[in-house]
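Here chain A shows up in two complexes: once beside chain B, once beside chain C.
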Partner chain A sequence: MVPALDLFLQTLLNGLLIGGVIATFTIGFQLAFGVLHVIDFAVGGWVVLGGYLGYYMAAGLGVDGFLAIPVAFVLFGAIGYLIGPILYNVRNSRTARPELMALALTFGLFTLLRGGMLTAWGFNTHSVPTALSGESLAVGPVTVPLIRVAAAVFAIAIAGGLFLFLYRTRYGLAIRATAENRQNAALMGVNIRRLSANVYGLYAGITAMAGVLMGAIFSVNPEVGLRYTLFAFFVAVLAGLGSVGGALVAALLLGVIEAFVATYVGSSYSLLAIFATLFLVLLLSPSGILRHGL
Partner chain B sequence: MKQRRTGLLLLIGVIIVLALLPMLVNNYWLRIATGALMWAGLACSWNMLGGYAGYINFGHSAFFGLGAYVTALLMGDKLAWPFFATVPAGIVVTALFAIMIGAPTLRLRGAYFAIATWAFAEVLIQFTSVMDFTGGIGGIGLPPFLDERFFYFAMFGAAALTYLITWALFERSRFGLKVKALRDHEPAAEAIGINTSLVKLQTFVLSAVTASVFGAIFAYWVTFINPKSVFGGDITDQMVVMVLLGGLGSLWGPALGGVGLFVVNRVIWMYWGDTAFYIAILGAAIVLVVLFMPNGIAGLFSRDGAKSGAVLDKAVGKVVGDGQGGPN
Partner chain C sequence: MSTNSKGFSRRWVLGGSAVAFAAGPLGMPFVRTAHAQVATYKAGVITSLSGENILGGNLTKRGYDLWAAAINAKGGVEVAGERFKVDMFYGDDQSNPATGADAAERLIVQNEVDVLFGPYTSGSTIAVQPICQKYQVPMISGSAESPNVWKAKPEFNFGIIPAVDTTAGKSLAVLAKLSNPTAKTIAVIGVNEPFSKETGEGFRDGAKEAGLEVVAYELVPASGDLTPVISKIAALNPDIVAVGGHEEPLINVVKTSKSLNFRPKALIMHYGVTDPAFAEALAADADGTCGVSVWLPSVPYKDDVFGTAREFAEMAQKKSGHEPDYTEAACAASGLVFGDAVKRLGKKPALTPEDRVALKDAIAETDIQTFYGPIKFEKEGNHYHDNVQPVPVLIQIQSGKTVAVGPKEAASANLTYPLPAWK
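And then the complex of A and B:
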């Protein structure tokens, strides 16, 4: 095959695989927005914390990085479960501007996480070692790092599980109902406050799990959280805030855009390209271009 | 009436002290005073949109930085513009960018605007870091001008003007009423014929432009800027904390919060230097103020400050289903 075409396919595949991992935490992000009506600046913070958990479990306990994935879910799910009600109370308080206050709260939380991590762990970059690190798989002319394949498989499993949960269980129905109209959902007997806590916990857990994988594929330091927050926002804007179906498509698109810019233009331009796309979408179709509703 | 006279006397006293300050203190303290005035002014500039119009701008450092970079580039060796000519240039550039960001996003929910402004500032960091003409990550130098008094009075003038404009426009004019009306109930404001999109955009541009003036003076003052030092998220974080601490939408709150936090910042800097711990403190301050003091310091003194107690109860643990939770 033509080398140029090989590179193209390679880039496309890489982008799709990364997009899959991005999809896992952006779906959670959208879900949290749908239920809580707060955009969570802290999303990048949860990703980075997951990555650090993986690194410290591998470096400190000597276990494989993959083992950190379930631990991340339980640990950060619990933390999210505790934070959820606070966020809910601020968002629904009778201050003059609850939306603004809730936004400020997540922004403060993100800043607190970033500053705390910088203080505790410094600016150094770490990578999460796993059994698959360094291995790669050849598919025809294209070689893919095995860790990315594993991450994509994980992403598909999580996304699939989440969709089954949302569309096939009674609790999933309650979540969707709340996202659509919280007053009517409350009238039908949904305890919105408890549901918000559960959803935020679920979202924080999933995000931290994705963080372990991101730490294994790339690497982790406290400052990369900004990048993941931008990713979540990009997907939210493209898909329309709160749209879960669109988030999957938008995340894959994001992965591909990033991979192509990084390969063909230079990785320092990838954030620029992402922002340019984001801005164009805001300008042309402000409510998102992939909107399907939840 | 009596209260008002006390306030006026206090204001005149503060102005006299500030005007005489360069004769009273040495250069070290004058620099600190210059910084305090800059931050008080920046907090006020953020408050125009955040406090009066109710739209949170998480990328205000973008406009501060644009002012700084325009001045730095125009005063460089090739162009060698005089400082006072670069300020209006910075204002024009900033206004154009503010319209570009604000026009599409201010029509939407606050969340989109917060995203767009935050992303804009992050991207300007990236942009100035990769471009050659901005000096890349290394940054860019300006011709040094080492007259502390000049910069003190420049910041003093800019801050005084910012507060004067805020007072005249937001506290004493129809425009201010429009802005507050749309903050408190946007559909109602539209229903009585206010062009809310236009008013929001005007407020945003004004807020951005004032930040750029401080950026221009700052660049000339420190004679060397780089992407992180003028666009960095910490700058916005600091403004947010100052305004929240002082009191959203109050005229004097940002001044109190600005000077107060700046003093804390300098004390920390004296003992520990540039520390990441300060970022954690800023974050914790935002969280604590939102949870326990949503009306800020100004709220403690105002007549409806009593509300803040009720809000505290809510934050700690009551279930409210008042139907206010819907989008916007």
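And then the complex of A and C:
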């Protein structure tokens, strides 16, 4: 095999894997938007909190970072469940422009999380050690980083699990009904308030789980959250706000574009390419690439 | 609750607020008078106390504060036979140059500082320079290393650390000379922001002088994924990979390289490697990484305020729990420059606008020996007002510790080259 083809295959793999990595923290974000109709700026905060949990569990208890994943789901899921009703109240208040008030609330929550982490844990950059960190597998000419494979598998599993939950269970039906028309769902007996709390808890839990993986792949400090918030927003816009399946497709697309542009054009053009794609999709298909919500 | 009680409550709150607002300005003169009784020099620190450069920002703050603590413990700066303590004021640039300029203006106009101590990043330093010029207030920068800071010929800004274009290339030449078998090729990565990009350029230009062939020169966005660029470089298999960046991208370069099972014969970075957080975050994977330092606790310099370099390191370690790196040392040395200049100037606090201009001229004439090394500012050329006296030392992380490996006269250990495969 010629080296040029090797590099092409490696680039394709890199793109798909980073897409999978981005998808991990975007799926929950989409779910929360679909139901609560809130663009949650705090998404990056939940990612970083998950990363810190992984770091402190590994450093303090000496356990593998992966063990923090279920703990992150339970812990931050519970915290999200408590925050959900507050967000619901703001989003459905009778003030003018409640959607902007909710946006401001999540922005405030993000700032609070960032400042809190900074005060509590300082500004040093940490890493989450796992059994797969730094491990790779040589498949022919291509090197497969196993931690990224784990993240991509996690994203697919979460997307698949959510799909089954949303389309094969009664509660999933209630969530979809609420996403489609809140008033009708309420008239059918759905407790919208409790459902919103559950969905926000589910989203916070999923996102914090993704954060453990982000801390293992990259590194974690209180300042990296904004980056994840922006990426989640890019992917969500590309996918169509609220589309869970679209998030996976859009993340993979952005990952592949970033990888190919960085390898064959230059890394300094990768963000330009991402913005150009976003612009083009908004121009040609304003409702996103899959053109439907939950 | 009745309407009356609501009305009373609102009036009570409004009235209370009005009293509180009125009491503020009324109370202020008393506070000022209390301060005015003890004359102090006012120093303003602008640095990144939040945002992505918070780690480095706090490091610079620690350095400046160490000097303030040390000089105040001695009774203050000695001027005309009297000692005057130093009051520190802080401005947060939030890792954003424009905010840094605002913070500098606030420190000058509201806090009426006599001198500024410069930001952690070169970007903020460049943004603050016009403010110093506008208000004619001198600034001593203990961190900025971008050559662009000095190419602009800033009249009121002075740099303690030599610009990266003078240190990166020299250190690379030392590495190339020490490599056995001799390194022939190099790939350079620079994060696309002022300091990191110019560090990359320093490595790229220095490579040519060191007789290395540059097989790739890549600028990467600070927030981008590094897998594509590392894959591309791995395919070219260079002997040396050189990286210009701050802490987080440096950590991610090592992690990404390992995840792709790529290890060059040598990996050299500039700033950040000497920060203990780097080795802590990467654990054993940090071993073998080379860096550049213009100061180490083992250098043979001393002064009257801090004592020897080793004594300074012990003082810093006691305060923060970490061994100081060269930026922290240079920031502490910035205070020594101020102390020396104001002593020569012979002006007691508070300085008048004319005194500040004279202070700038006095700083320009600095020629002192400190625990950090010799400090003397260039008077012309591309490094105008930068202190290019210190000689860079090539360091390497070995068994979690930072050791000097070159040039030979400064080395305390042998360079590990080529690096072994990842464990």
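Everything below uses one rule, namely that the second predicted complex is superposed on the first by the 266 of 294 C-alpha atoms of A that agree within 3 Å, B and C clash if a C-alpha of one lies under 4 Å from a C-alpha of the other, contacts with A are read in each partner's own complex, and residues count from 1 in each chain.
Just so it is clear, a contact is a pair of C-beta atoms (placed from the backbone, for glycine too) under 8 Å apart; a residue touches a chain by one contact, two chains touch by 3 or more.
Just so you know, these numbers come straight off a predicted model, no measurement behind them.
J.: Here chain A is shared; do chain B and chain C fit on it together or clash?
T.: Aligned on chain A, chain C clashes with chain B.
J.: After superposition on the shared chain, which partner residues are touched by A:Ala262: those of chain B (first), chain C (second), both, or neither?
T.: Touch status of A:Ala262: second partner only.
J.: In the overlay, answer first, second, both or neither for which of chain B and chain C A:Leu118 touches.
T.: Touch status of A:Leu118: both partners.
J.: If you count the residues of chain A that each partner touches, which comes out higher, chain B or chain C?
T.: Between chain B and chain C, B touches the greater number of residues in chain A.
J.: Quick one: is A:Gly20 in contact with chain B, with chain C, with both, or with neither? Answer first, second, both or neither.
T.: It touches nothing on chain B or chain C.
J.: Going by the contact rule set out at the top, does A:Pro129 touch chain B (first), chain C (second), both, or neither?
T.: The answer is second: A:Pro129 touches chain C but not chain B.
J.: Give one of first, second, both or neither to describe whether A:Phe275 is in contact with chain B, with chain C, with both, or with none.
T.: After superposition on chain A, A:Phe275 lies in contact with chain B alone.
J.: Name the contact category of A:Thr11: first (chain B only), second (chain C only), both, or neither.
T.: Touch status of A:Thr11: second partner only.
J.: Taking the superposition on A as described, I'd like to know which of chain B and chain C A:Asn221 touches: first, second, both or neither.
T.: It touches chain C, and chain B stays clear.
J.: Between chain B and chain C, whom does A:Gly201 touch in the aligned arrangement: first, second, both, or neither?
T.: The answer is neither, since A:Gly201 touches no partner chain.
J.: Name the contact category of A:Leu283: first (chain B only), second (chain C only), both, or neither.
T.: After superposition on chain A, A:Leu283 lies in contact with chain B alone.
J.: Running through the overlay: 19-27, 37-45, 73-81 or 109-117 are the candidate stretches of chain C; which one clashes with chain B?
T.: In the superposition, chain B collides with chain C along 109-117.
J.: Residue by residue on chain A, keep only those touching chain B in one complex and chain C in the other, then list them.
T.: 118, 266, 268, 271
J.: Residues of chain A touching chain C in their complex?
T.: 3, 6-7, 10-11, 14-15, 17-18, 21, 118, 123-127, 129, 133-136, 138, 143, 145-148, 217-219, 221-224, 227, 255, 258-260, 262-263, 266-268, 270-271
J.: In the complex formed with chain A, which residues of chain B make contact?
T.: 50, 54-56, 58, 101, 104-105, 107-112, 114-116, 118-120, 122-123, 126-127, 129-130, 183-184, 233, 237, 240, 244, 248, 275-287, 290-291, 294-295, 307, 310-311, 314-328
J.: Which residues of chain C touch chain A once you look at their complex with the stated criterion?
T.: Listed in rising order, the residues of chain C that touch chain A are 50-52, 54-55, 58, 95, 192, 218-221, 223-225, 227-229, 231-232, 234-235, 247-248, 251-252, 255, 258-262, 277, 280-283, 285, 422.
J.: Note which residues of chain A are touching chain B in the complex, please.
T.: 33, 37, 39, 41, 85-86, 89-101, 103-105, 107-116, 118-119, 122, 182-183, 186, 192-193, 226, 230, 233, 236-237, 241, 266, 268-269, 271-272, 275, 278-279, 282-283, 286-287
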